[in-house]
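Dropping the structures in below, format is structure tokens.
You will see chain A twice below: alongside chain B first, and alongside chain C after that.
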Partner chain A sequence: MSAITIDKAGPSRKVKYGSISRDRAWALRWSYFFLVLFAIFSLTPPLYMLITSLKSSAEISAATNPWWVYHPTLENYIGLLTSNQFLRFFWNSAWVSIFVVTITMLISVPAAFALARMKFWGSATLATGVFLTYLIPDTLLFIPLFKMFVLIGDWTGIQLINRWYVLLFIYPTLTVPFCTWIMIGYFASIPKELDEAAIIDGASWFQTLTRIFIPVALPGLIAATIFAFTVSWAQFLYPLVFTTSTDQLVLPVGIITTLIKGDVFNWGQIMTGALLGAAPPLIIYAFLMDYYIAGLTAGATKG
Partner chain B sequence: MAEVSLRKVVKRYDEVEAVRGIDLDIADHEFVVLVGPSGCGKSTTLRMIAGLEDISDGDITIGGDIVNDVPPKDRDIAMVFQNYALYPHMTVAENMSFGLRLKHYPKAEIKSRVTEAARMLDITDLIDRKPKQLSGGQRQRVAMGRAIVRNPKVFLFDEPLSNLDAKLRVQMRIEIKKVHQKVRTTTVYVTHDQVEAMTLADRVVVMNHGRIEQIGAPNELYHKPATRFVASFIGSPAMNFVPCRLEDVGGRLHVRLTDRLAFPLPPARAARYQAVPRTDKLLLGIRPEHIAEARPHLHPGVEPFDAVLDVTEPMGMETLVYFTLEGAQICGRVNPNAGAQDGAPLRLAVDLNNMHLLNEVTGVVL
Partner chain C sequence: MADVALHPNRVQATKATRRRNGLHNALRRKSTVAFLMTLPLILLVAAFVIYPAFYSLHLATLNKSMTKFIGLGNFEFLFKRDTFWLVVKQSCIFAISAVIFKALIGFIVAHFVHNVPANKQRRWRGMLLVPWVIPPAMSTLAWLWLFDPSYSAFNYTLSFFGIGPIPWTGDANWARFSVILVNVWYGAPFFMIMYLAALKSVPEQLYEAAAIDGANWWQRIWYVTLPMMRNIIAITTLFSLIVTFANFDIVRILTAGGPLDHTHIFATWAFRIGIEGSDIPLGASVSLFMVPILAVAAIFILRDISKRGNEA
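So, the complex of A and B:
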């Protein structure tokens, strides 16, 4: 009988939470608290934009509750989407962003591969240098750049100022260094043996890049693409300086310059334009994020 | 298939010499294992054969051609890496066929080669899986398959089993041996595990500090080590070393271990060591299996002595016993029924027919 004595201390031990799980519970509560706070903070402006975009100009200027729409209308949306000007801005932005992303990827991916893998004299210094160029603010650069393009126009007769495609030369100064830096990080995380195996299998450097590195570092490539797209879609200072004619403007500058007439702010259309302008990046994020996260969780490089 | 030769090969990294002028000839079809502790230069040597490292001096030939400046892809070699280095975004079949596809082999031939290699390695069912869906052992098979399908002149293995657990390692060791028996490709295999080296190799190359200590068949290295390093590196548990000197007692050559313990040498050994100066500081090298419990009738050359055991380790088929002699820990292997117990005395016997005598200063086996 003594063999089946019950240990009385046993069950009581199970009921208590360990200090680790208690810590975890508190950490989670704090995390949720700050996450909710942050979500409210960052979602309030778009919500306000949405509310305002559904109001008529009369209702916007009326002294009613600004957080409520009493007479919802789509007139701002219809007005913008049927205006050739707005569509022109939209397409200018789209072309600039697509070209800039393409140019950026074509430069920064091979550059990152060379800097991460093909060890050559000064490669480490060069990699740091690439990043440092990103740290120079565009407010410092736009005047010299403007002078430069004016000079090029004087010497060659090729007029680049006040053409939307001048931005294709300028935006990469912002996107290429950062994307190269991101890609160096991703490429460096790929085990050395993987390219050695490819080289022994008979791959050239270019084949190693296109057939091994790019597919394996796809999450990084997508992160870089998202960054380049966001920068070129949202850039304000450079297009404000370099383009002036209405048909050459991109969306952020176009909305501000055409919808603010003197001291008259067309708030309804400004808010609508900003919301519509935010749609493409949102759609691209939503589409690529799945891919991005799937690529990350695959974690296939190890072993 | 081809022979591989290294002539005075040196590898320098700035001031450090990782490989210090090694000469090595590997015959066609031979399985050679480079073994040694970390940092001995074995992996660097392999990578120089592969062309992944430039050589600082000397010549490497594969199939009679000097390949010093030939890029890896033109050396017709295949390599298996420690962490498998499978392409994570490709299936097993794509991984194995990558090299052939780059060389634009006909699709039918690629398929037949991959199928044949997969059959040989027993991975036919896994052919459409991605590497992350495979276990460590399966991944290593795929890595071997990738090497086999290329039908190269030389196989290079860089510690291929180090990431596997002990049981799988034994199993894969046998697989590698079987594959070599079938394809007979010249193989250079790097490991730090002397058991792998002994079991796989036609010849073992023991390296230390960037130099070759000794080259020989596994049994030759085990029974006739040239240096203290080889003697202690090959064999597990390692060979025992006890400080000693030679002396003549009553016209017979003795090896004296302590003031109270000296053994007469068997005639063959006595003749061999006759010329060694009696004043030299020496080491007696004796493998654990040559220290066993004393039996009633001892063979000539087997000398009994008493020892107080510090620790015993029952292994099942034998018991390892440890005791101290002149400050050195000695290991012996006794019968599990010999009554060995921790802290208890036991009468042991040493088989001096299998002894080694080393110069304590130079480490050379006399």
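So, the complex of A and C:
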């Protein structure tokens, strides 16, 4: 009697395990199949940039397979990296981004500290207001901002339109609210005992911020820095509106306005320029992916 | 909100005056210091966000040369133009369909990545997030080249299947499709990352319990995954709706609104009128039409976020 039940239980159990693991294996295969499809979809444009950037203009206009490079050449890279104009765009972009990141951090870290820890009249409203500001898009403000800076030029004689440094006033409106918001989240997650201990030991608010909060919330700070850099590097609308002379342009606008001459598209150089323009964020992403993703997800999950 | 922040301070402050004057001073100093620390933020937002927002309202009531107050004249003018209604329609089609596809693809891909063994997830996540990392202006150039009327690499590939050549940016409906496709390509990774983070926070026991109760995969998604992710789906979708509705780069570079204004959305049309056409008041009026939908989305986001705060 007992032997029969064991006999029955044994195989049936095995079959059940077998079917589950087979289901899992199939699910895994399907997952890989679709992931490969989506990866092809995701990576086609950047790979095509790379393919085209290695072609000469003769090969681009020849009716050969566009997905393959028959005669790889670096002439597009040499052409762009020795062109003063392109290097100018690159440096303009680099300076704007570095300054904007610095300004953003100087404004948002103290503000986030004050809003997270030093409750004062209206601080909760202000924190909500900061988040609301983050939701206001650039496309809503570019026209009034443009008119404002024209008027400032008329009234004070300080010409800001068509100068790359005008972007230093405007980009922080895109970076500061989000950076403040995620820094509030990171600062709020630091245990209160830590800063209370520091205050009891006689540290000033400034010391509490620089000696305790910034080191402890360093991952958040890196995430915020990466965010500020990526946003200012990628911004397209404001430089398109505010700068026009070729020596004042930043990279994205420079590539689009100078490499496209009328109806003549020099695609080899455009793709090379686009790839070089995409390189700094991609390099940062390759090395600091976890911080990048932390910044991305913190915006909606923290707070 | 302000009251909540106000009361504890006042209570503490009165207690402090009763007990010790020094502590009272310290508290007063603390709020002064805090205010000074937030002052640059307040000034920045006031000068370059709030002021221009109201200035935009003022601009919208002026005539083209900005010399005369014409009230709602610009809006009356817009309502009479067919192009305006075309732009309204296209903005809605663009934003809604792009967000739906981004959310769906993001949800599906997040599940696939979640299925893969943990040590390989990083690599897949890394590859699939690349579209989000490349500046959209740069990647749209690559798409423009892929869609090129005479050298399109897509048409070359499709010609082997006997399809095409497809006028990717030349025909009104194909151009709309292309613009949405590029936007989905760019935005889906954001959803994927957000959903993946949410998926990982769903406790494994819930799935085990569901499996024991005999739930199939669809029931597991419908009764376990979706309710657990409800909040993050809502926030991500609303947030993406705002960003997509206000999109500029992709449409501007891919089609510049063409062919014949059939892909213009609010932002690109406002740019065309306000900056390229030098009619600043009319451009400001056009961009103001983004406000209602943005405001509605923002209210819902705030509600969801404060709900999150209460749960935690």
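Quick note on the criterion: the second predicted complex is superposed on the first by the 246 of 303 C-alpha atoms of A that agree within 3 Å, B and C clash if a C-alpha of one lies under 4 Å from a C-alpha of the other, contacts with A are read in each partner's own complex, and residues count from 1 in each chain.
What we mean here is this: contacts are C-beta pairs under 8 Å (C-beta built on N, C-alpha and C of every residue); 3 or more make two chains touch, one makes a residue touch a chain.
Being a predicted model, the structure only gives us computed values, none of them experimental.
Residue contacts after overlaying the shared chain place A:Ile107 against chain C, while chain B stays out of touching range. By the touch criterion stated above, A:Ser21 is placed in contact with neither chain B nor chain C. In the superposition on chain A, A:Gln159 makes contact with neither chain B nor chain C.
Counted by residues of chain A touched, the larger count belongs to C, out of chain B and chain C.
By the document's definition of touching, neither partner reaches A:Ser189: not chain B, not chain C.
Of the two partner chains placed by the overlay, only chain C lies in contact with A:Val176; chain B stays clear of it.
Of the two partner chains placed by superposition, only chain B is touched by A:Ala197; chain C is not. Of the two partner chains, neither chain B nor chain C is touched by A:Thr244. In the three-chain superposition model, chain A touches both chain B and chain C at residues 300-301, 303.
If you check the complex, the residues on chain C that touch chain A are 1-2, 4-6, 8-9, 30-31, 33-35, 37-38, 40-42, 44-45, 48-49, 51-53, 55-56, 59, 105, 108-109, 111-113, 115-116, 122, 124-139, 141-143, 145-146, 148, 151, 153, 156-157, 185, 189-190, 193-194, 197, 232, 235-236, 239, 242-243, 245-249, 252-253, 266-267, 270-271, 274-275, 280, 283-284, 287-288, 290-291, 294, 297-298, 301-302, 305, 308-309.
Those residues of chain A that touch chain B in the complex are listed here as 191, 193-194, 196-204, 207, 211-212, 215-216, 298-303. Residues 27-28, 31-32, 34-35, 38-39, 41-46, 48-49, 52, 60-61, 65-67, 106-108, 110-111, 113-115, 118-126, 128-133, 135-148, 169-170, 172-173, 176-177, 180, 205, 230, 233-234, 236-237, 240-241, 252-253, 255-256, 265, 267, 270-271, 274-275, 277-278, 281-282, 285-286, 289, 292-293, 296-297, 300-301, 303 of chain A are the ones that touch chain C when the two sit in their complex. Of all the residues in chain B, the ones that touch chain A in their complex are 50-52, 71-73, 77-79, 81-89, 98-99, 102-103, 130-132, 136, 139, 146, 150, 163.
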